[in-house]
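The next part holds the structures, each set out as structure tokens.
One chain, subunit A, appears in both complexes that follow, with subunit B as partner in the first and subunit C in the second.
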Partner chain A sequence: MLQVIQRLYESPIATAIRESENLFPILQTFHIVGTIALAGAIAIVDLRLLNVLLRREATVRVAESLLPITWIGFALMVVSGGLLFVAQSARIYENVFLRMKALLLVLALLNVALFHATTFRQIRSWGPDGVETPVSARVFAALSLVLWAGIIVTGRFIAYF
Partner chain B sequence: MIERIFVRLGDTAVGQYLASSTAAFATVESLHIVALAVIGGVILAANLTVVGWILRGSKASAVIDQLRGLFLGSLVVVALSGVLLVAAGPYKYYTNPLFPLKLLLLAMPLGIHFVLQKRLRTRRDVDTGARVLAFGSLFLWSGVVIAGRWLGLI
Partner chain C sequence: MSSSVVRAGLVALLAVAAFGAAPTRAHHSFSAMYDAKKPVRLTGRLTKVEWTNPHSYFHLEVKGADGKITTWACEGAGPGALSRRGFNKGDIKVGDTIVVDGYLARSGGKIIDARRITLPNGRVVSGGTPGDGGPQAGPAPAR
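Let's look at the complex of A and B:
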């Protein structure tokens, strides 16, 4: 594993990012814009599932209409985040907050995958003209909010410790 | 006058504490970004509804009404945490040319949001003017985030 990290660190693209004066902050800017779009859109959908926001709109419409934004945000976040990681990989590989963030990210992705594979299938029936959002969906939504907040916090902490 | 406010802010107990503790500073910064992400979600949901890209068929003014509580709540958190960040290093911000630019960029979409709300309430349909305001708001909020990131770098 360490060898892979070392090779990534020494790759031409990682070296180019490190040696450029502005590339690193430019990537950081894309990373934060992507993260805000992704986490913001997810928060709106989760709060709808928890019945605290947009209660007069059908849940399925809120979830479906914000889905493209989460994908765009996710793509921006992953590409810029991947490049930021590669550029510093050998230096931050052992950072405890980086590892916590990676774990939280895996958990958040598992959470959404599991949600979509199970209770999400009934989403069309939830909302003002349908039935109450089931408890299982609310648990997925609450977990998602906590996990994404944790990802942002641990991500910020990587820079300081 | 403004310089004195910055100095006073830095002299407060909380300002001194945040200047001395990396963990506390990073915590406030994280809170600032989490609340900003929530605002980002609200801004995207509200303005994309106005331009007709999402929640088609829903009344834009009704959607904005339903988002108002969350918008104002997260705005308060962003503002308070922002003041705390300035208190931790007042000179850094006082002398930074991006700081007034960021505040100006912040004031503009807030003003736009107010005008847009009024316009949607008084007119039955979303017109071109409302759509332009919504695009302007999205554009300026992006500017706030970008200026905010570079503020910490220069």
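Let's look at the complex of A and C:
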């Protein structure tokens, strides 16, 4: 595995980003913009599911209108994050916060996959507006908020250890 | 538990999460790693140059007073900031002798924050990361 990481680190694209004058900070900027789009859209849907925000709006409408922004954010995160990772791979591979972030990321993706495979399927039967969301939906939403906040915090801390 | 209590709690939780996500230190700030009370001047032979983001590293072989050779890493700003100061990758090569004024790491490791670098041709450039909160000029040259 370490050899693969070393090869990745020494690849032309990783070296170009690592030694670039502007590309590295530009990628960092896109990573922040992606965080806003992704985590922001997710947080709004989660807060609707928890009956904190937009309580007069049907949950399905909130979820569906924010889905494209979530995907745009996700695409930005994967591309910018992937490139920032390969550029520094050999240096940060053993970073404890990188590993914690990866674990939280897996848990967050499992959480959303499970939500969409179960509770979310009945979303249209929750009623048009102002209707309380089921307990299972609120549990998924609370977990999602905690996991994504954890991903942002651990991601930020990679730079300091 | 009333829903307004739940709501207030959630807002508080989010606020805590948001502030936790934005540490008050800037990216890899000076004081997080280095001690401004421990200036040091290293003169040595370059063994390796890492012209890299987000920080660059200049590895120096330094001969101590006892004749023993120690390898030090000197951390500087990234390529973008250095080149804007007129310091480019081609200005140094392995084998060159350079002088680095900086500050020791809090960890006690053989790493310093390079605030001022004297290039082989005598030109002095600032090596510090912009906006990291570290001392503006390098420490007074040691005699």
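Note that in this section the second predicted complex is superposed on the first by the 156 of 161 C-alpha atoms of A that agree within 3 Å, B and C clash if a C-alpha of one lies under 4 Å from a C-alpha of the other, contacts with A are read in each partner's own complex, and residues count from 1 in each chain.
In this text, a residue touches a chain if its C-beta (ideal position, glycine included) is under 8 Å from a C-beta of that chain, and two chains touch if they have at least 3 such contacts.
Because the structure is a prediction, the values reported are computed rather than measured.
Student: Look at A:43 in the shared chain and tell me whether it touches subunit B only, subunit C only, both, or neither; answer first, second, both or neither.
Tutor: both
Student: Quick check on the superposed pair: does A:87 touch subunit B, subunit C, both, or neither? Answer first, second, both or neither.
Tutor: In the superposed model, A:87 contacts subunit C only, not subunit B.
Student: Thinking of the overlay built on chain A, is A:21 touched by subunit B (first), by subunit C (second), by both, or by neither?
Tutor: Second partner only.
Student: Now for A:160: first (subunit B), second (subunit C), both, or neither, which partner does it touch?
Tutor: Both partners, subunit B and subunit C.
Student: Who does A:7 touch here: subunit B (first), subunit C (second), both, or neither?
Tutor: neither
Student: Per the contact definition in the header, classify A:51: touching subunit B only (first), subunit C only (second), both, or neither.
Tutor: So A:51 only meets subunit C here.
Student: Should A:116 be classified as contacting the first partner (subunit B), the second (subunit C), both, or neither?
Tutor: Neither partner.
Student: For the overlaid complexes, name the partner, subunit B or subunit C, with more touching residues on subunit A.
Tutor: B
Student: With both complexes superposed on chain A, which partner does A:152 reach: first (subunit B), second (subunit C), both or neither?
Tutor: In the superposition, A:152 contacts both subunit B and subunit C.
Student: Using the superposition on A, tell me which residues of subunit A are in contact with subunit B and, in the other complex, with subunit C.
Tutor: 25, 43, 47, 149, 152-153, 156-157, 159-160
Student: Could you please specify the touching residues of subunit A with respect to subunit B in the complex?
Tutor: Spelled out, the residues of subunit A in touch with subunit B are 25, 28-29, 32-33, 35-37, 39-44, 47, 53-57, 61-62, 65-66, 69, 148-149, 152-153, 156-157, 159-161.
Student: Along subunit C, where are the residues that touch subunit A in the complex?
Tutor: Those residues of subunit C that touch subunit A are 3, 6-7, 10-11, 13-14, 17-18, 20-23, 25, 27-28, 32, 51-54, 78-80, 83, 89.
Student: List the residues on subunit B that touch subunit A in their complex, please.
Tutor: Those residues of subunit B that touch subunit A are 22-23, 25-27, 29-30, 33-34, 36-45, 48, 53-56, 58, 62-63, 66-67, 70, 142, 145-146, 149-150, 153.
Student: In their shared complex, at which residues does subunit A touch subunit C?
Tutor: Residues in contact with subunit C: 17-22, 24-25, 43, 47, 50-52, 87-88, 145, 149, 152-153, 156-157, 159-160.
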